[in-house]
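Each chain gets a letter, A, B, C, D, E and F, in the order it is written, and its residues are counted from 1.
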Amino acid sequence: MGDDIILDIRRDYVLGKIRDGERIDGRAFDEYRKIEIETGIIEKAEGSALVKIGDTQVVVGIKMQPGEPFPDTPDKGIIITNAELVPLASPTFEPGPPDENSVELARVVDRGIRESEAVDLSKLVIEEGEKVWLVFIDIHALDDDGNLMDASALAAISALLNTTVPAERFEIGDDFPLPVRDLPVAVTSHIIGNVFVVDPNKDEENASKNFITVTTDSDDNIVAVQKSGSYLLDEEKLYQIIETSIKKARENRKLLKEV
Amino acid sequence: MSNKDEVRLIVDGKRLDGRAFDELRPIKIKVGVLKRADGSCYLEMGKNKVVVAVYGPREVHPRHLQDPVKAVVRYRYNMAPFSVEERKRPGPDRRSVEISKVSREALEAIVMKELFPRSGIDVFVEVLQADAGSRTACLNAASVALVDAGVPMKGMISSVAVAKVDGELVLDPMKEEDFYGEADMPFAFFIRNDRIESIALLQMDGRVTKDEFIKAVKMAKDGAMRIYKMQKEAIKSKYVVESEEEVD
Amino acid sequence: MGDDIILDIRRDYVLGKIRDGERIDGRAFDEYRKIEIETGIIEKAEGSALVKIGDTQVVVGIKMQPGEPFPDTPDKGIIITNAELVPLASPTFEPGPPDENSVELARVVDRGIRESEAVDLSKLVIEEGEKVWLVFIDIHALDDDGNLMDASALAAISALLNTTVPAERFEIGDDFPLPVRDLPVAVTSHIIGNVFVVDPNKDEENASKNFITVTTDSDDNIVAVQKSGSYLLDEEKLYQIIETSIKKARENRKLLKEV
Amino acid sequence: MSNKDEVRLIVDGKRLDGRAFDELRPIKIKVGVLKRADGSCYLEMGKNKVVVAVYGPREVHPRHLQDPVKAVVRYRYNMAPFSVEERKRPGPDRRSVEISKVSREALEAIVMKELFPRSGIDVFVEVLQADAGSRTACLNAASVALVDAGVPMKGMISSVAVAKVDGELVLDPMKEEDFYGEADMPFAFFIRNDRIESIALLQMDGRVTKDEFIKAVKMAKDGAMRIYKMQKEAIKSKYVVESEEEVD
Amino acid sequence: MGDDIILDIRRDYVLGKIRDGERIDGRAFDEYRKIEIETGIIEKAEGSALVKIGDTQVVVGIKMQPGEPFPDTPDKGIIITNAELVPLASPTFEPGPPDENSVELARVVDRGIRESEAVDLSKLVIEEGEKVWLVFIDIHALDDDGNLMDASALAAISALLNTTVPAERFEIGDDFPLPVRDLPVAVTSHIIGNVFVVDPNKDEENASKNFITVTTDSDDNIVAVQKSGSYLLDEEKLYQIIETSIKKARENRKLLKEV
Amino acid sequence: MSNKDEVRLIVDGKRLDGRAFDELRPIKIKVGVLKRADGSCYLEMGKNKVVVAVYGPREVHPRHLQDPVKAVVRYRYNMAPFSVEERKRPGPDRRSVEISKVSREALEAIVMKELFPRSGIDVFVEVLQADAGSRTACLNAASVALVDAGVPMKGMISSVAVAKVDGELVLDPMKEEDFYGEADMPFAFFIRNDRIESIALLQMDGRVTKDEFIKAVKMAKDGAMRIYKMQKEAIKSKYVVESEEEVD
């Protein structure tokens, strides 16, 4: 109960600020919190990255192993993306199998990477039709202070950039860097009343659950969109959001190039 | 999206099934097809065959799942094991979980939940046969079934996808267009007073430019309005409605 | 609570009628509701049927694929029967893994088909001991207005009659019709007080849960029996029920021949 | 039923294990074999070795599982992983679920549930070694264990199967007769005042004529009465009872 | 509630007795209840044993089948130990997948057998790197009157001693006795206040849940130790417990030799 | 313990990584690394990298899990899928279940649970990278995170393992020593007023004599005291503490 009242007060505070054209942490509506990317933090993984957006922290680890290709794509490696919202990361996460939120998180990140063709899957064939590389992208949230989606997407592509294909361990030739050829970036906007803000922090997320994530590739193509939340979205606002998403993605992509 | 290699999806300005770019697949709608449910609808959209039952507003068990200020909406998208080429194992997979989530959210935005505190409104969707666009077919049927159940809503939901194939945008893609195409964009619109007010569901994967995306929205709106008319007709006549666009 | 009282009133009504020698829908004790069978409704399935008994509706779809035979029957195809009581079909069904009622439904239908040797499994061998056809019979209830058992059994055999073995899709020769050589029919009787009625509707089922299903083959042999419900069954009544079941099965079998 | 091919199950008017058509396998019954349970029974019937524990009437948790007007009966048929030739994975399979259901229903019909509203009566059955007819062995043991627990009942349950092999009806089939036979018919009877009153469990699969079926019921009743006497004896003596029909 | 009060009274009684240097069943602190071992009770299993310690009863059955070796031990058979605390054995056990208590039980028994190298796994190779014998040790508790741990460990090694490798059934040569070359024995001590007692009965276990199990081999080596329970253990007492455990294991090992 | 065959783990009186027998691996401790948790700690111990969050004391749901006289402690040891050489499937396995149990019990013995009836104290442990001794690393981090969360405790827990390799006892074994060694003995000690009072966690598998076991306890106590000093330092400085023993 006490908790609910505090949530209500914070919600009113967030909404009041927004009405005044401000955010509670002083950011502009289209401003991200500070983003930090650290790669190679898990030596036992083929690739890894820790991404912080403000206080939000996500680790992504990449593991690879040989496996069978799908029957309809015998000449391509396989990406499997998985997200665990472990209870460490938030007082509201519970232990157990993935719920709809972690499934959505994993699938939206996956689509950004898949549709931008960020990983050149044709280079991950060991023996056509028989054996290809499986790339496991495991998203592990550590601290959820809002916008896990963008942090996870950034961590995923950063970890892929950091990945070495462990061919030697499996005695199939020399190790080589995972062929990454595009840098998809997800930008999540949060709809609050009549406006939208990018990179919502937890207080903003608690004020409303209305999101839209637009992922774009290095050529500003849209490669994935996901409206998430029980709200009705105005068409004109959608176009503004896309505009902003392309702009912010370009900025965040620069960080990836420094990795 | 798989990369199409040799497959050509548009030949002489026509789609593989003979449709024009902005043409819907044949649609068939039957209202009130189930006795036990409070509202129901059977809908075909191309080869998709779906049945929807609505139960509620009714009591929610166990009690801790109740919401003291509004109704709780559940949406369960489920594929019959025989609905696809290779038998599907019964039970929810990750794809069904995601579709159920975004579809539920679309309906939550238009159902007048505040009228039924502590209640549940259950929308159960069974895909008997799946083709591309099954989530849009299900939402169209669900919207009709909710009306059939007498659940108060702010308007209707009409849903359709647009795909990009061979560089062209096409309405309501069928399986080959979905599989080999360059992009898939399922939409659902909120329609009130016979006009589209806003977007209730939006997903996209593939690769399109911003301009193509805007063009796709327009195309989808146009298709959705045609579907909406059929939904309305079906509800009014409480009988079978089949689209005049039917080709076969 | 309200619901419970209504259930009680309807139960009393059903029982009162029966005491007067009548059923609430005017049927004779040994009379089925109208039966409709439609086959081939799911083009993507190898075979399919929709069966309506009154307002009860069941769809059965047949899928086939090559697989390994059981070690002790290397020269026979395999039938796997599964039932889902999806929550669409009744306000009392819940999502989740099969409960004891759906398990029983699937197993009783399965036994009727298996024991009558309705499908000639010896014709479903691709390579003896190595590869045989698996026949998946999936029962999907759509509307439960009573007697799902008989509707499911009828839909299952109807769908099998409608099945084409998809040999071409798996590149093992030409398609051929599934060899069906018997027509098992299940007849469910419902024990109410001292009498029994066939084909109970939902109101009757709510009045008591005491059933017995007798499945017979084309030669009037008994191939499966299942007493279901917490009641004690009189021996003489059992013999009457079997008599009636054989008679009704003959009638319903005629419908199958018209399919 | 598998089709027997070359296997002959009846030779010179005798069964493979030397029994006459209407002869039971050896039976052994021990009452009160477990300390923690409220009632218990160990029973062998041929190679079947089963233990049954009865707990209750006792409180039911969680509360929403209680029935305000009568006791809730649970029956859990479980096979030990080492009870069969090929190790069985722990946990319930579909067969166990069905056996548990029909066995529970048989007992529910004779337990005086109305005396214990809101309570639970749990019958836990462990099959340590399984041969044909394990469900009948378990019901016989369960019936004794319920008496041992002092649960009020209208009478007793005695259970036995009849099979059709090589065209003949035989009582209490063992594994080979079950596997290669033409029909299997497990029965359980309600016995009160030393006579069979009615049928509590009845399943059947295989292929028999109506007349054969009626003959099978008679044969099963006769066998069940003999089992009933041993159950009674075991309860009275609170000690081991072994059948005199024993062959080995 | 009533049950809780009875439990409290019995706990006080147990603790009071212990304070007076006595146990409620009159045993000395380092005295076991009567132990009975019966082997070969499940003819269909490769080996089996029923062990009773007082009223506690545990059955262990051994099943064997050929399978793949672990990649890092291509020249060794595999032991898989599993415990089911079936609801038959205690009013507090619930049906369902193994909980932490059955997992701990299985793992501690497993370690005793594994670390003492009781089974000569190198003799269980069928084809090096390809096929080895899998040994399933299934612990099935029948009656939990305290100290399931020691009863399970005794039943496991007794059943192994009783095991015949079923080579003929799998057509890979002649049957042979499972090569058992050590006799690990687990001794569980129960800490009550300042003292410890071996082989706790159920009343003692209900008085406190503080255990330590020490498993030793035929040469008095310690092969497994498990402290179990939310208590702090005094170092000196630990050494006394080990002393006692070695002594009691020697005694119980004699019973095994008579099997 | 696997039998080492050719592998020599001690060469010229030194361990493979150059450590002396009684030397710890490098340790790094950061306190308060997570915003959402009430207390947290990041800890490295050799190649182990673990994060711990503490939530609570807080309300327990559902209510029937509450204890009316004391707080309920949960401990969840979880390995990230990428924490080990071969990807681990998400979700608890039997090993995690056992580690969670004995670790929880160690903490329960020192947390002042009686101060918080009906509450829950949750300790969530994520192993981001696992080497030998991950359970000891997690307990060390958990102990610090509990202090960071302000949970009242009777003292601290410091944890370290001892192994027997090539016939010698060595402190804080790394992976090769664990894998090829002859015994592994993880300990956790209860430390109050800067001295070890008793043993909070103790497991062992392998093969040692009684005398070796006693020697191992002494060695572990000595190592634990050094870890304890670093834990204390980290808590005081609320900042990163790295061991001076660090080798790299």
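The working rule: a residue touches a chain if its C-beta (ideal position, glycine included) is under 8 Å from a C-beta of that chain, and two chains touch if they have at least 3 such contacts.
Model, not experiment: these values are computed from the prediction.
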| item | value |
| --- | --- |
| Chains touching both chain A and chain D, listed by label | none |
| Chain of greatest Cα-centre distance to chain B | E |
| Farthest-lying chain, centroid of Cα atoms versus that of chain D | A |
| Mean-CA-position distance for chain D and chain C (Å) | 27 |
| Centre distance in Å when chain C and chain E are each reduced to the mean of their C-alpha atoms | 48 |
| Intercentroid distance (Cα basis), chain F paired with chain B, Å | 52 |
| Per-residue multi-chain contacts in chain C, two or more chains | 98 |
| Shared-contact residues (touching 2 or more other chains) in chain F | none |
| Overall pattern in which the protein chains touch one another (line/ring/star/complete/other) | ring |
| Cyclic chain order when read starting with chain A and heading to chain F | A, F, E, D, C, B |
| Residues of chain F that touch chain E when the two form their complex | 1-2, 94-95, 97-98, 100-102, 104-106, 108-110, 183, 185, 190, 197-210, 213-214, 217 |
| In the complex with chain B, residue positions of chain A that touch it | 72-73, 98, 100, 103-104, 106-107, 111, 114-116, 212, 217, 220-235, 238-239, 242-243, 246 |
| Of chain C, residues touching chain B in the complex | 41-45, 48, 55, 57, 59, 61-63, 65, 82, 84, 86-91, 95, 97-98, 136, 138, 140, 142-145, 202 |
| Of all residues in chain D, those that touch chain E in their complex | 34-37, 47, 49, 51-53, 55, 58, 76, 78, 80-87, 90-91, 122, 124-126, 128-130 |
